[in-house]
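Chain lettering (A, B, C and D) follows the sequence in which the chains are written, and residue indices restart at 1 in each chain.
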Amino acid sequence: MILAFLIIAPLLAAIIALVLRPRQRTIIEGSAFAAQLISFLGAVNILFAVAAGETAVFGSWLRVDALGAWFLLIVSFIGLMSVIHSIGYLREEVRKGIIGFKRVRQYYILFSIFLFAMLLAVSADYPILMWIAIEATTLSTVFLISFYNKPSATEAAWKYLMLNSLGLLLGLLGVMLFFSLSEGGVSGFDWESLRLAAGATLSPVAAKIAFACILVGYGTKVGFAPMHTWLPDGHSKAPSPISALMSGVLLNVAFLAILRFSGIVKAAGAGDFVIQAFLFFGVFSVALSAFIMFVQKNYKRLLAYSSIDNMGILALGFAFGGIGTFAALLHTLYHSLLKSLLFLSAGNIFMKYESTKIAKVRGLFRALPATSIIFFGGFIALSGLPPFGVFMSKMLILTAGFQSHPIIVSSVLILLAVVFFGFFRHVSEMFFGKVPEGVVPGESNALTVVPIVILAIVFIALSISFPAPLRMVLDQATVLINK
Amino acid sequence: MTTLQIIATLLQVLFVPMASPLIIGIIRKVKARMQNRDGASVLQPYFDLLKLFRKDEVISEDTSFIFRIAPFIVFCVTIFIGASIPIFSLVTTYLPSGDFLVIMYFFVFGTFFLALAGMDAGSGFGGFGSSREMMVSALAEGGLLFSLLIPSVAAETTNVVGMVAVLQEFSLIQLLPIFIAFLAFFIALLAENSRFPVDNPATHLELTMIHEAMILEYSGKRLALLEWASANKLLIFIALGGNLFFPWGIGSEFEFLAIIFSLGVFALKTAGFVLAIAVLESIIAKFRIFRVPDLLFTSLVLGMIALGIIITI
Amino acid sequence: METTFPSIVLLLDGFSFLLAILMHLTRRNANLVRLYLIQSLFLAALLIVLGFSLGEKSLLWMALLTFFVKAVIAPVFFFRVLRKIPGAEISATNYLSTPLTLIVIMALVVLSYSKIIIPLGVLSPEMLGLFSLNLSMVLTSIFLLINRRGIFTQIVGILCLENSIVFLSTIIGVKQPVGLEIGMLFDIALWIVVAIVFISMIHTQFGTLSTAPLKKLTEE
Amino acid sequence: MIESFATIDTFFFAFGVLLLGGFSGFLVSRIANQKITDMATQGSAFIASLLVMLFSGSILYQGTGVAQSFESAFPMLSFSFRIDGLSAFFLLIISAVGAMASLYGIGYRKQSGGHYRSESFGFFFAIFLAGLFLVPAANNALFFLVVWEIMSLASYFLVVSEYHEAKNVRAGFLYLLMTHFGTVLIALSFLLAQRATGSFDFDMWRASLGSIDAATLRWIYGLAIFGFGTKAGIIPLHIWLPEAHPAAPSHVSALMSGVMLKTAVFMIIRFFFDFFPGAPMEWGLVLLVLGSISAVLGVLYALSESDVKRMLAYSSIENIGIIFLGIGSAVVALGYGMEKFAFFGLAAALYHTMNHAMFKSLLFLGAGSVASATGTRDIERYGGLIRVMPYTAVFFLLGSMAISALPPLNGFASEWLTFQSLFIGASSPSILVKSVFIGSIAALALTGGLVAACFVKAFGITFLARPRSDASRDAKEVSFFMLVPMGILAFSLILFGVFSTTVIAALVGVVGSIAPATGEPLRFIFWEFIEKRAIFSTVLPLEWVAIGFAAVLASVVAIAQWFARKRSIAIVRTWDCGENLTSRTEITGASFSRALMTIFQGVLRPTKQTDVEYHDEALRYFIKSRTVTTDRVDVYQDYLYRPAQSVLRWFGDKAKLVQTGNINTYLLYIFMTLIALLIVATK
């Protein structure tokens, strides 16, 4: 029941925004915020329930196991943060006269639908339902990417639309194949029966073919190189809260789909194919992003590539399995927190400097004390320097893989050093130096600072120790994937 | 402790400062003769020292206490080392300070302060003198170390006196590498004591002088101490060279005759060195400053070769 | 699973594949839409036939909806856009010349009939043939996306791809709850709306329906 | 009573004090001014360091190590501490220098007109110290990496604490970059060790003695040497040192140069003698060669510097080289199975580690005082400071004497010991080994001489003769808080030199505690080495030397003074050949070292460029001004680092091409990937 409610809440917010007049901005904001708060609380509640061993179910359509709960929590929390940030961000934009009230309302409608779709995707028990939901995320975010209505934004949105539609259709093909190719058919329409059928009668080769489609399809959404091409454009053009959501959450959601199917493929006895594919995409994504980040000139694109890089690391973690899975799941959490943190603070930077060029941004520390410190810290943490948690998750992933793939792990370690090099070059340039003329120091809007502070605190807390239920869910999820 | 021991010990301590001016005098005399001059008496250096001690002093206003203490340190270094090296007897001198690294680095000690003192007055001469001095000593150190290391490795002790005691028993063929090392040592000797072809002790020409440039500002007793110290240093090197590399005729027990005998032997060795130096200084010219390193590296390489040999046989 | 189909099924399937190829050849967007319209009609027909032969009510409903969304709404929208926007009739050019295009398509067909799908012993030989046919239809329509420069063509290409996937899943008899099927169709409908909005946006901002100007976003 | 301090609680309590002090700055600065804040932060750091000194000292004294372990939230990571003799020894050094540095820090910011906020500075200073304390104590590889990186990160922020100068920011960037690179290598070696032993616990590594195959071990050693070598600053991985040390405030440079480099030495010793003992002696030769190169080149670069702190940084490289010589000879000896000699070499390395910590931090503090009194780090603008800052001058002089290994100061003692260990090695049968050792001896001898030259220059140009600028004429002696630590350090130089035999005996005890033979955690009883020292007192009798020399000096001075008691001393101007002497007629630092630079120009690659400006360009007779700029070719930048960077850039530019901007291409990517995967899938 809670499950259904927490998923519906954003939809209600969207409907409210739809019926209200654009002038009633505060109500719109309030309802959006309330919806996110509700879904976050619901997610926490479900987390506890799952930790206690039961699974949250609604009808035959929605079902949240440990894995789902883990991602549900991430989605709802990041959603909450970014809605808070959006309020501050949009008010600032309106104050500057960049956008009008109509656009604000449109923003909140789409935003809420977007979150609704993601929550639905995470907790859907039917593969097809998940597909529908993810397709819905595409459709709802397209206009958020083209939000500023500039040609470049439109172009980014168009590419986003086309590439992801193609990808998702391939994903659909894969789903259909999974359903069709197991002899004697599939008893039900949900993951479990699919897994059972696969375990029973699905031939490995068939599973491989189907999974190939899935991997390419959803992989496009995840941003594996070489299907990543839409990602830097989209992330850099969208308003920062949206980039935060897409980079911090949407990628994970798509990854969840791949994970679920990979479990089925393993059941069908073609696990090695999954591992090889993950290894390939992982290494390729990390390498490509590492080198591009080194010569990147635009800080939002920089962050986007860092997302690709981290998706690659996740892929590697799941490929290595064992402790690697645990670490990878942990890494999804850390990455979501940090990446949304970084994108949100990038939004503040953008508001201050009105440019996404790294060359234009100097003296950040003087211009935006709070944001810049958090930004810098986020970078340090994300590049895996102790004492932050990412260090442990990365180290554990590498450790898990070092037993079987020493060469790959060593080269990835070197590549990560290259990532650090490139990333650090730009960050240190931005952080220090003289503030350019026309930039008045000082944070623009408290609401844009609060969420990143909260994110930072939560991240630090979670990298020191995590509460018992979280840990339990994490372990259960690890078991689910490794089984 | 017998009176003889006491006398011998005193002699050991005072021998170097007492005898060193004589060495200088002899060298000067020999050089004079080779230049067909009559030359001053061999005792002239003593008179010079006495005269200097009697004179008032002039000290630059720019100097600091470094300038004032340096001469004493330099002089005492020579006295101290002179007391702890084998000259005519082994027993009197078995001082713990006879470790050859200690000796070497004590000389560096002296050079260090001398160079500082040279810079202290703030005159261009002193500065360049110090610069060149440090260059020479830095490069000479390698050769000196190896040339002293070889006897030490052969004798398996680092104490110079102990080395002599052991090396006395060696046969000539065993001593061969030590003779090679001696060449290295001799070059180092010339460099360390600012003799030809590295430096000209007699000149006061800006472009050429090294040691003299550093002590240019000195006068009176401090100058005397410095002159005396350099004389001591020369004698110490001669003694080391004579006794380490030709380790014969050194008494190892307390007998009057033995001591007399070994004094005589030492006199002969010293005479040889003195002649060699004097002749050398008369027949060859001073090197250009930037050819000096070649010479010093030669000594270093000789030392390394000798070490290689001695360990192999 | 059913192994025998009315030969009409084969006919419909084959024809819609031909339509997919024809889409490569036509130059006029209007024709493109017509071809898509026909393909959607075939799809609806296929659903009806299967619905009757298998006695599945849901398939008939699906047929109705498919007909409504793909054969009525979509074409209407598209035609209106084509009428509104001047110079939209002529689609932008291919990257490959016609013969080359045909050669590539041939290669794709060969690929989809080749050993890739041989191991799918699940399917009866006859079914295997249909499977390959649809697979080649899928690949062909993806190739349509890649090969064309026009915004419009790409939209139609996506829809065509969707059609062929539905063909494939219907033929090999994947059944989903009606709700989900409706959801999918709803997505497609929404997608069409979004796409059409985009056509006008791009046209207003770039003044053309070719992808040529949409190459600004690179790593500078 | 001592025993009561030898518990891990003392250690943790010290951390409590340290971190409280570190955070307190943020509160104090709200209510009080910066001076008070410095007092609070640096003072608490001082107290904490004293506590750690007490702790490690009592551990050493009492002779039983302590160990404790806590679980962490993550698998494989456990916060496990283990303080044995070696750790305690390094802790003692670190905490001693830390105490001095923090004491110095109380007065430094004000004196130097420091442009950094003292609360943030104090915070990172505390973190840095905490990291330094934890590194020798960590007993789990992941935990070690954590504290290692904390140390590096905190020091990075200290380096950039004066970020208003772009130079410092660049220096910090280079520093963190290099240290990260080193950490990657370290992590790799740890991963290898984990792969071989199945655990990240150092104890498990110790337990796995001999069970690891040679190939893996080779990689582990190699990666460890270069990983930690980056931190230690061995050439050619040293480039960050001369940048980062000058950028940091002086007491931080003292800490970085004095002890942070030593943590790398610590870990190398651990790897070769504790974790995986019994390395083939070739590794010793590698260390010797690296050490020789670093020693000679380091001192040559130091000689050619005119920035006093850069010079000190280079001299740190040289000293690290000397330490490596000790370790290398020990490794060789152990490879030959001669544990006794291995002890000897190790003792030499440890002794020099300790001494370098002392005199280098003293010199950095002195340099900091001079720099903050004159407002410049360029020694060409110093001169005559001995009159205005007599105490600093004396302390700096002692430091220079110690680092130039003048007896009877401690520098000589450790250099003597290193020489001895090299002599031992030189008489080995194998030609290769012998030649390497002879080479190292030559390198060390050359280094000794050059260091003396280098520090004659440093001291002479800085403190002697006439001021070369108004800044140095108007300089004032630094404040009490800055003088005290220098004084203490200077005194300890004499102490640890004169009583070197005791120290050496003690060090042999410490070394015994990590001897692979022993099982128990720590074999080091204070009373044992009182007997042991008898052995050394006959070999290196520095106390006798000191006494004897002092006696001679006293008597000579007395005699001379008595003899010349009637003579007057006239204070006049320096003889000026009739010209009037200005500061421009003195010798400059550049010209002082020019001769040696010319001799070694093959290595140093000095560049010289002369610009002449004429009164009349047309007929070039009357020269208005002539400027000569001398510099060095930075070989490492030109031939190693820039090429590497351009390779990366090339890859980056190639990778950019993926993003063509053309959507059809993107679609094609997806399509091709699909086809490829399908083909692979059905293979």
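Observations, loosely collected:
Criterion: contacts are C-beta pairs under 8 Å (C-beta built on N, C-alpha and C of every residue); 3 or more make two chains touch, one makes a residue touch a chain.
Everything numeric in this text was worked out from a predicted model, so none of it was measured.
Each step here moves to a touching chain, and the least such steps from subunit A to subunit B number 2. Counted by C-beta pairs in contact, the busier of C-D and A-C is A-C. Separating the centre of subunit B from that of subunit C, both taken as means of CA atoms, is a distance of 102 Å. Taking each chain's centre as the average of its CA atoms, subunit C and subunit D sit 70 Å apart.
Spacing of subunit A relative to subunit C, judged by their CA centroids, is 31 angstrom. Between the Cα centres of subunit B and subunit D there is a gap of 36 Å. Listed for subunit D are residues 656, 659, 663, 667, 674, 678, 682, each touching two or more other chains.
Contact of a single residue of subunit C with at least two other chains is seen at positions 116-117, 119, 142, 145, 154, 214, 216-217, 219. Shown for subunit A are the residues in touch with two or more other chains, namely 158-159, 162, 166, 205, 209, 232, 292, 295.
All chain pairs in contact, by the document's touch criterion: A-C, A-D, B-D, C-D. Those residues of subunit D that touch subunit C in the complex are listed here as 656, 659-664, 667-668, 671, 674-675, 678-679, 682.
Subunit D makes touch with subunit B in their complex at residues 383-384, 386-387, 393, 397, 401, 404-407, 412, 416, 419-420, 423, 426-427, 434-435, 438, 441-442, 445-446, 448-450, 452-453, 456-457, 459-461, 463-466, 538-541, 544-545, 548-549, 552-553, 556-557, 560, 563-564, 567-576, 581, 583, 585-587, 591-596, 598-599.
By the touch rule above, subunit C contacts subunit D in their complex via residues 95, 111, 115-119, 142-143, 145-149, 154, 211, 214-219.
Those residues of subunit A that touch subunit D in the shared complex are 158-159, 162-163, 166-167, 170, 205, 208-209, 211-213, 215-216, 220, 225-227, 229-230, 232, 273, 276-277, 288, 291-295, 323, 326, 365, 380, 385-387, 391-392, 395-396, 398-399, 402-403, 406, 409-410, 413-414, 416-418, 420-422, 424-425, 428, 432-433, 464-466, 471.
Of all the residues in subunit B, the ones that touch subunit D in their complex are 53-62, 64-66, 72-73, 75-77, 79-80, 83, 95-97, 99, 101-102, 105-106, 108-109, 111-112, 115-116, 119-124, 126-128, 130-132, 134-135, 137-142, 145-146, 149, 152-153, 158, 216-217, 220-221, 225, 289-290, 293, 300, 304, 307-308, 311.
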